[in-house]
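Shared between the two complexes below is chain A, which has chain B as its partner in the first and chain C in the second.
This part shows the complex of A and B:
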């Protein structure tokens, strides 16, 4: 038998394509396939210790409910009481292991790198598109950079957070959803963004 | 033919549009409605009434229109009950009249009018009472044919619909003078403002009256105000958008008609968009609706609201008639006479029901030579299908016959306060304006202008500005101003006239439902006196217009009949929607297969390429079988897959089963408390089958849970219960036992997992993981688990079996799921490995007596399922106490047994009733039923599982499986549920 080759298939492989009039596109989409993800859940009675460990190890605070904070080379998104989603660019499957070691005894860590598909959505009309699916006030005052929410988009449960504006000055959001919903989410996104035009940026 | 186009109006005369009505071609201008364009073309007949099929014309110029309902468009886009008065004209518009047969001018249904003595209020209740057997077969079909307005298309709607959400500080409803002032005042404060108006032209009455504001025409002022609003980044102006309801949580429902004014929506454009708007404050500036006066023959085409006549004249440049007469109870009606004269339209008479009029009106009439009747009433009209004359009785009782083709009627105005009642507010009667005004209302809704009973133009601007500043201030934005404007004066003095008692002809209160003054009297006579009962009994205020014009008149007539004051009689309140909203808008994009999302596993596309067909399992799509070329009977495919697994090896995608990561010092303790059997002492590296109960003691879910470390377990659940089990565990750890140190998270989506099953399964694994992990029986015995790295990936092997074969489940991160499927296929090639689907899986679990959804149906106990002895007596667990109730432990309860057809070829069907042999097929003899059935290629016949009374004690007994629905009556033998390899030697192979 030939040597087994394992090739990864990203959640949105073969789905993302330009929609509508893209000169210029109102929305840009990019699959964030290089983001390693892990759930961090505080152990009973160890929240203060965990917060100290965060500041020692990552140089950041534990984000409060509805917030995202960035540490040295990683970010944490609050997803529920005592629960966070940790994200590291190019973290690989080692990310959750090293995180578990760092937080040993203070938090339970679970790899979720493949559980969620994450899309980066940006562009001048991105808010108008999200307004068709997310029943949250995403205005600059109510949902600025660093804000996060666990909510629904269309009929798909998502975790949503806002990143700093891109070079063009347009707002940037990242949307994480269970990966099996990718096709349904794309149906919502492609139809909702069609009137503004949508382009696809290279994954990363 | 009486209406014609004048020189005035704000329609775009350089932009001519063609359209058709009832197959005839017409033309109009951009800025017209279907009604204005038809009136300009001389049409007076628009429809037939609901009950008597009386000819009807346009009465109003807005959404309160009861008569001019038409079917718009053709084919799949056909849409009934569109009000011609709000249908924006577009080039190529096709409309047709409704509620007539065979044609609008000659309608056989009009015979109902001759039978009208029978069709009075309560007709249905009185007539179709008996015989009862006639109801379904004769009465209802006949009524259904005759009833209803218009016909929906039977074809699927080709257009798309959207839903959207918005958040603001101040929502302004209506863009008339009050709404514009409110929006400007709030907008200038920096508050986020949404201004919504159902009209395509913003400005409300500023477009319909000859107002002068700040030295310019009213409509010009409106345009300038809208321009400023649009220039403010914090203001969103939404035309063609109806605010149809107020809901809890300061939420409002809006429908935006994005493309209703186009023949078909533009590419990528929805037809309509449904908005849910959450706002801190709202300003209701929705204006008012003019009241008609019930008098004899008041429904004849050509009788219109006086304000509507002005709208057609001033906004659309259309004279609805050549000789306009006016019947008024207020100064406002006289404005119509002025506007007619200004447009060069003849005024044949002004009939004022009041005993006196002001000197100014008198002088005007004399100066202009207008024939006037003061203290007089219109008692009758005449004309065939259109008005030609009216009968006036003057103050001395002398009748006068006056020729007119358009009678403008003004009975005063009712504030459009409906939105204030949606959350339970009650209107209150005002003797000052003889109308209901907003009474109790939610504190976040401010009301301004005519909607609040402030009918003057200056008052509308002033109260609008106040409401806008106040609303913005309450939302935290101070300092917004709208300076007072100089306006022309308008007259508002009124004495109400609820109906003309001297009329002999039918006097209509509700045009749309043909409710007359007589019907209101009948309701009173028969005891239906409260306004709600009056509505129920006479249908007054029902149907598409919901009584916007008629309800208050009806209530006032009842008040007069019962001798009660209006504040005591009250008025009906309304629920959303304020005007009809198409169901498609509520469905939005979530229709057809997008009604709910679909979940696909990592190897979905690979399975498709292998010829898989799929079945829905909740939201998931699962491969149910992999048909090969030439297989025509699905049972052949399933039998082949089963034989391949039992004979060599097969593999199956089990990724959809729920997987829950459980960590913490007390993880084992949590499991001990939720499962009926013990888990705390499960060894690391081992898995165990577990059953959990609901709090009420019934079986909830089952699955295996593996221990990877002292403080780390991974639970598996059924596909169907993945969500509910997760919820249950969260409830347990957050609410029941917050003292436990346990953390749980779903990892269902993190892992792609495949069962590899069959006598050759180990060989396939050895080939896959040759140098990585030892999968020998010694290193990985039955119920052993391993976590390891494979080609840089975290991987897990669970030696568990649902098929009853030597079997493993292999898990890798989901993005490598397809790669794993391909690798397994390749590794198993030598042993002719096959992928198998949920059908083969189902056959094999029935052969093995493993319970699944049909048995775990929420009505079975652990004992029913043969797991009574698994229930630990050494610990407490969820459901233990209630599982000991007498009904739960009754030895007569049906319990799971195996079943097999005595003649193996005889088909056994799930759902068949179990009857003792020879027992009559009666419900008293029912002894249980077949829960699952399949053809077993291993046994060589039809087998099943069933819940049978005292089943386990009856092994060997022959019973009947009786299926009256599908004509089945099969003799079956009760047997052990474990019909294949009952000793389980294969598992341990």
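This part shows the complex of A and C:
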């Protein structure tokens, strides 16, 4: 029997391309294909224990509703009561396994690396674009760095969070959606960003 | 845009939510002992008031949680939202006639 060769394909493979006038572009998009993801759901009555385990193991607090915290080379995004999305750069499939071991008995951990597609959106007009699809106040006072929300963007269910500003001083958001919605989301994004110009940065 | 306050996420657009009908309807402890009328009343008979109405809502496109809301069916104003399991709040300050109180008076 011939050996099966599986090649990993990014969720936005073949979709992302520059749109509109990009001299200079109002929005920059980059697929976060190297991010390992896992959902963490606390077991009944173990929230306080989980918070302690978090500070011991990761050096960060368990984020409250609508927040994102960063620990030792990983980040947690609150997605609902007792539920978080854990992210680690270049974490690979080992990430959810080691996380499950660390949180053993306190939380259920499920690998989501292949389930979600994550885009990083930045640029001087990124807020104007997101405002066309998100029913949230994205102003600096209402949604600063470290804030997160499980919501909709262009009628696609997303988890949205804000990162620190980039080198150019422009705001940076990351949007996670179910992978199979990549094409629908790109349809919304490419249409909404066309008037400002959109460039694609190398995935990573 | 109509905003609803999810007890977990805060104020969000109504389009993120889904209404699940009247709240505080307890399933009978012993359904097998009920006659057809009592069972039908549990399943189908609702108050449909003009005024304050306690409803179940789900933050379907957000945290996914169910909660309860007190809504005025005349103005569509949501007076208060509260978590599942909490008692129906006293909304006498809301200046909206509460049919539950009007009936018992």
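One rule holds for everything that comes next: the second predicted complex is superposed on the first by the 201 of 204 C-alpha atoms of A that agree within 3 Å, B and C clash if a C-alpha of one lies under 4 Å from a C-alpha of the other, contacts with A are read in each partner's own complex, and residues count from 1 in each chain.
Simple rule for what comes next: contacts are C-beta pairs under 8 Å (C-beta built on N, C-alpha and C of every residue); 3 or more make two chains touch, one makes a residue touch a chain.
Remember, predicted model here, so these are calculated numbers, not experimental data.
Peer 1: Based on the superposed arrangement, let me know which partner A:65 touches: chain B (first), chain C (second), both, or neither?
Peer 2: second
Peer 1: State whether chain B or chain C is in contact with more residues of chain A in the superposed arrangement.
Peer 2: More residues of chain A are touched by B.
Peer 1: After superposition on the shared chain, which partner residues are touched by A:91: those of chain B (first), chain C (second), both, or neither?
Peer 2: Neither partner.
Peer 1: Based on the superposed arrangement, let me know which partner A:123 touches: chain B (first), chain C (second), both, or neither?
Peer 2: Neither chain B nor chain C is touched by A:123.
Peer 1: Look at A:139 in the shared chain and tell me whether it touches chain B only, chain C only, both, or neither; answer first, second, both or neither.
Peer 2: Only chain B is touched by A:139; chain C is not.
Peer 1: Could you say whether A:8 touches chain B, chain C, both of them, or neither, answering first, second, both or neither?
Peer 2: Once the two structures are laid over each other on A, A:8 reaches chain B alone.
Peer 1: With the two complexes superposed on chain A, say which partner A:188 touches: chain B (first), chain C (second), both, or neither.
Peer 2: First partner only.
Peer 1: Who does A:149 touch here: chain B (first), chain C (second), both, or neither?
Peer 2: Touch partner of A:149: chain C, not chain B.
Peer 1: Is A:43 contacted by the first partner chain B, the second partner chain C, both or neither?
Peer 2: In the superposed model, A:43 contacts chain B only, not chain C.
Peer 1: Under the contact definition given at the top, report the residues of chain A touching chain B in one complex and chain C in the other.
Peer 2: The overlap between the chain B and chain C interfaces on chain A comprises residues 81, 83, 135-136.
Peer 1: Any idea which chain A residues touch chain C in the complex?
Peer 2: Residues of chain A touching chain C: 65-66, 79-81, 83, 135-136, 149-152, 157.
Peer 1: Can you name the residues of chain A that touch chain B in the complex?
Peer 2: 1-2, 4-11, 14, 19-20, 33, 39, 41-45, 81-83, 93, 107-108, 110-116, 131-132, 134-137, 139, 142, 154-156, 178-185, 187-188, 191-192, 194-195
Peer 1: Provide the residue numbers of chain B that touch chain A in the complex, in ascending order.
Peer 2: Residues 160, 162-167, 192, 267-269, 276, 278, 589-590, 594, 596-602, 605, 620, 661, 663-666, 734, 739-743, 745-752, 767-768, 791-794, 812-820, 823, 826-827, 829.
Peer 1: Chain A touches which residues of chain C in the complex?
Peer 2: Going through chain C, the ones touching chain A are 1, 8-10, 12-13, 15-16, 61-65.
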